[in-house]
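Listed after this line are the structures, all set down as structure tokens.
Two complexes are shown next, each including subunit A; its partner changes from subunit B in the first to subunit C in the second.
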Partner chain A sequence: MATVEELKLRVRELENELIKCKQRRSSEEQNQPRGRIERMSAEVVDSNPYSRLMALKRMGIVEDYEKIRSFTVAVVGVGGVGSVTAEMLTRCGIGKLLLFDYDKVELANMNRLFFQPHQAGLSKVEAAEHTLRNINPDVVFETHNYNITTMDNFTHFMERVSNGGLEEGKPVDLVLSCVDNFEARMAINTACNELGQIWMESGVSENAVSGHIQLIIPGETACFACAPPLVVAANIDEKTLKKDGVCAASLPTTMGVVAGILVQNVLKHLLGFGTVSFYLGYNAMLDFFPTMTMKANPQCDDKHCRRQQEEFKKKEAERPKQEVVQEEEEIVHEENEWGIELVSEVTEAELQAASGPKPDLPEGITVAYTIPEKDEGASSGQTVEETDQSLEELMAQMRKM
Partner chain B sequence: MADEATRKTVSEIPLLKTNSGPRDKELWVQRLREEYLALIKYVENNKAADNDWFRLESNKEGTRWFGKCWYIHELLKYEFDMEFDIPVTYPATAPEVAIPELDGKTAKMYRGGKICLTDHFKPLWARNVPKFGLAHLMALGLGPWLAVEIPDLISKGIIQHKEQQSS
Partner chain C sequence: MATVEELKLRVRELENELIKCKQRRSSEEQNQPRGRIERMSAEVVDSNPYSRLMALKRMGIVEDYEKIRSFTVAVVGVGGVGSVTAEMLTRCGIGKLLLFDYDKVELANMNRLFFQPHQAGLSKVEAAEHTLRNINPDVVFETHNYNITTMDNFTHFMERVSNGGLEEGKPVDLVLSCVDNFEARMAINTACNELGQIWMESGVSENAVSGHIQLIIPGETACFACAPPLVVAANIDEKTLKKDGVCAASLPTTMGVVAGILVQNVLKHLLGFGTVSFYLGYNAMLDFFPTMTMKANPQCDDKHCRRQQEEFKKKEAERPKQEVVQEEEEIVHEENEWGIELVSEVTEAELQAASGPKPDLPEGITVAYTIPEKDEGASSGQTVEETDQSLEELMAQMRKM
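Take a look at the complex of A and B:
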């Protein structure tokens, strides 16, 4: 048994420890990484967080890098791809970030980048905002912890996309889809078609060895509903792919690559340098990056997509015809030591072998599935019979069963 | 795609006609009536075939659904609560059915207890928009999932029969 003296000593020890903890904590709080920086400086000093970015101007890559601070980007889905995307944009000094996610950080996420074990249990948007603000306090953050596919949240999501810009009331400049499911992608697609909002879609396959990014300009390029989802051809026999007992695999590498090509495309699009990709795939098994562009489908199921297409057509017709001076230089590889050459497209016969009509796609890109044209004959099966019963009566009938 | 029995069951569920989602106001009410008609017919069919296995009801807007499903294994009935929201993009995208009490008990689930459907389900649904409704979701999505997962979970001892548990 401990004596009173011993216990007193122990209490004093613990009190001292507590004081130390408190001191450490307050010094951490005071020791804020840095204050806000009003103007981006190009001065090359160790203390300037933007010097290496501003060097892009000096090197003639980007004309006006500071412009990045005037842009707002909404990131939907702050998981393996979205969190890294948000971090890259934060480090690049984006003006404002809106983060949407309804999930919590879990230990099962630790095979991916960004989140840390001590954040387990926190909402992803809350944990992400904390880390990102620490990295760059110049960025304005707005977070929403909800599922955008339900009615109420969707209305709010649309409202934030149209009014959540740096200056309240202005739309965001770009929406990035970093979600992991078809429903959320379709919801973003619906919202962006209605609002005429430019967005980029990104995805990593469930087997973790391929991914893609896609730029969608409503009315101009194919929207997400214009064709069945475009995926990077797996080159893996479906029969050998074991799915027993698991829903999805993930790798930090593939997700990092996809986040990287996504943000690269965002920077090129916003800051106006290089060529912006409309679709860029990544096949990790073969280290192959197929690209393509796809026009909007005039028969798209989304009526707002069709409306945007009409508006785009009108705009194009009104626009004075510009003499486009093609300055494309033919690329001549003087040496081809390894005999690399472009591989021919898929043969006609291969395409027809597919069950439904398949859009004309370059090698390496395919559709997740095909949809037969309209109904094969009359829709097989009976449809619901007409009835005089009201919805309330039907609800009551169902409840009584 | 699906086995012969499932195919026959599905062929007896009436198809829906109205292509409208929860954001469509009046047309949505029409769609909801069709949903209920198809569900009622499906439950009647199940009862007639001595294979009654679920009940569903919704809030009055028809945007949130909840109910029970059960599975008979070795003469014992295992019952679960289920729930789902109608996504704004319905019927272009199917709802994600959740059985919250099984969350974390099987890998064939996403967060929140949303069941992980087979690779075949989404293409099948996409090819049948807007004719498939919630009754089809039950028959082609939840039904086959329960048939595979529940016996497995029982055999692994992860779920126990509720009466046995309490006794």
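Take a look at the complex of A and C:
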């Protein structure tokens, strides 16, 4: 039988072990977030998470990097592209992020960046907010775990785009579409046309080897309803696909590149540097990156798009002549029914061949960038250079050959 | 004074508390990794982390995706590009990863993807291995926390490249250079020339708005010593920069895009699909992606490069004529001393202007893609199209204008 002395020793041992166990747990927890930072500083010390971003000023790239903190961006769809998009904006120190998604994290998502196996089962917005807040507690997060395409949620989504800015009541600065289905894209398009909200579209093809981003300025550039050929996975979304026992392919590479070029263009647009692309494609098979501009379609089905076009025309008419002329020239292209100008060194046939054979998918699915048959004959080879100097450049190149 | 009964009660209490504390810690830890998966399956269920990758087969993109598990890739430099590169390969289910870095995670790295604030102070390879193993326990990891440029470490590095394959004693399949300084690039170059090891170079400019990847096949394409104009941050690395109270700018976007195009080309090279780029640049200001090919320089300073060139010539001479002729044509370019062919729609002056003014940096630093002054006059505008059809295409474009 144990003596009092033995028991006292055992109590002391256990007390020490318990303290150690609690310390270990607490240090594991405390380890996580860094403290908040009141003002961005350019100081070059290891502990400053903003030094490499503020260096963009000294490098002459961005005039006022701190301005990033005044912007609010809404990211719709927190999947393979949206999650990386949100992480990049968080690490860049964006002011506020609104995240919309109704999906849960699954192990089947682990072939893309961002989510980790231990988050399986959590809602994507909840898991994303937790990770992002740890990465940068200076960002304000607002998450909505719902499907924006249902009636009530759509109304709420519109309200948040209009009022969810850093200062409540002010609109967000930009909406990013990172969704994987047609309905959600159309919902964002409808909302942004009605509100006159600038947004950017992104997409990745079902065969995982091409993607694109697109800037949509309501009334000025083609909206999602203006230019049907860019529809990705028309009418059938991931959920339907999975029911049929098939799924779209995806790669962390293609999705990382699309998120990268998307957020790069967001930074250029918000902070005013470089040239923002209206449309930038990525063909991974050929490392080919086509750019194009698309004018709004006067016959667009969306009445708010047509209204925005009228308002844009009025505004343009009031602007000094010189600017107007140049812009009009850039987007007019008579030989193409969608007003699409493709800057391309590769023929469409080559591009199509490079995307691989059309996969065996349920009816209604089309791979992004597969050009509808009726257009093929008419548009093949009708590509033109976009820049003003292209004629002189072509001449110079011709002379050398 | 405590009685035996009181002490016994206290021991039981403490034992229970300790069990609970240990359980809590263990469940927090257990939460993390998923179980190992013996064979990759294409089954479309939420719990299969490989379903979206195996779908590449059904889509007709990759013939044998499972083969990814047989490959070993060495990643040198686990910073802004290397960490994301390693994560993409891990999520793609690569067989084995060797990671080399001697740096520690700092809060100043948080403007790039991958590392998180709670990892500050850990070695980059240790922190990376922990995260990557949780993401995909099917990958074999080997990490080396050292600087490959010192004599002893360089010998060890060579040994691991030669013997660190999935089956010990076999060489790795590919070496990826994701380093930020000249010495480390030269060390990798020297090792790979000596071993005849295929590798890929990557880099991001100090102003954060351009980057590139390059495939180097010893003896066949230009090695890092063959073509000096591509030197990034010549002779001065991040550590030196920081001592002077300045640092290079960096962006998660540019680094994400560079990692994405790098790993995409790794997948194309290893799994045999699409076209692997010899050199692919990224100019973020213009969304311009130049490609080029560079032949090995017969006057290269590296004797092993010259030896590999001799061996390549011999092998080529033994190959059927038809193939040889085509390849030679592609890489010959007489008007350029480095044998560089630039596929470009943008003039070099435009490109240079778009990179922003030359930043105020210590002597010896040059921004990537700033063309050395002596070449400017000679090479400006001497860009040619790379594809065989370029003449016809240019003619066709000219006729339309």
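Details
What we mean here is this: the second predicted complex is superposed on the first by the 273 of 401 C-alpha atoms of A that agree within 3 Å, B and C clash if a C-alpha of one lies under 4 Å from a C-alpha of the other, contacts with A are read in each partner's own complex, and residues count from 1 in each chain.
By definition in this document, a contact is a pair of C-beta atoms (placed from the backbone, for glycine too) under 8 Å apart; a residue touches a chain by one contact, two chains touch by 3 or more.
Keep in mind the model is a prediction, meaning the values are calculated, not measured.
Look at A:Asp301: by the touch rule set out above, it reaches subunit B but stays clear of subunit C.
In the superposed model, A:Asp103 makes contact with subunit B only, not with subunit C.
Of the two partner chains, subunit B is the only one that A:Phe154 touches; subunit C does not reach it. In the superposition on chain A, A:Cys247 makes contact with both subunit B and subunit C. Greater residue coverage of subunit A by touch, when subunit B is weighed against subunit C, goes to C.
In the superposed model, A:Arg10 makes contact with subunit C only, not with subunit B.
When both complexes are overlaid on chain A, the residue A:Met186 reaches subunit B alone and has no touch with subunit C.
Applying the stated contact rule after C-alpha superposition, one finds that A:Ala225 touches subunit B and leaves subunit C untouched. Shared interface residues of subunit A (contacting subunit B in one complex, subunit C in the other): 106, 245-247, 356, 381-385, 387, 389-391, 394-395, 397-398, 401. Across the interface of their complex, subunit B is touched by residues 103, 106, 147, 149-151, 154, 181-183, 186-187, 189-190, 225, 228, 238, 243, 245-247, 301, 356, 368-372, 379-385, 387, 389-391, 394-395, 397-399, 401 of subunit A.
By the touch criterion given at the top, residues 2-4, 7-8, 10-11, 14-15, 17-18, 21-22, 24-25, 28, 31-34, 44-53, 55-56, 58-61, 84, 87-88, 91-93, 106-108, 110-113, 116-118, 120, 131, 134-136, 206-209, 242, 245-254, 256-257, 259-261, 263-265, 267-268, 273-275, 277, 280, 284-287, 289, 291, 343, 345-347, 354, 356-357, 359-360, 381-385, 387, 389-391, 393-398, 400-401 of subunit C touch subunit A in their complex. Contacts from subunit B toward subunit A in the complex involve residues 11, 13-17, 22-23, 29, 32-34, 36-41, 43-44, 47, 55-58, 60-63, 85-89, 92-94, 96, 107-111, 116, 119, 122-123, 126-127, 129, 131.
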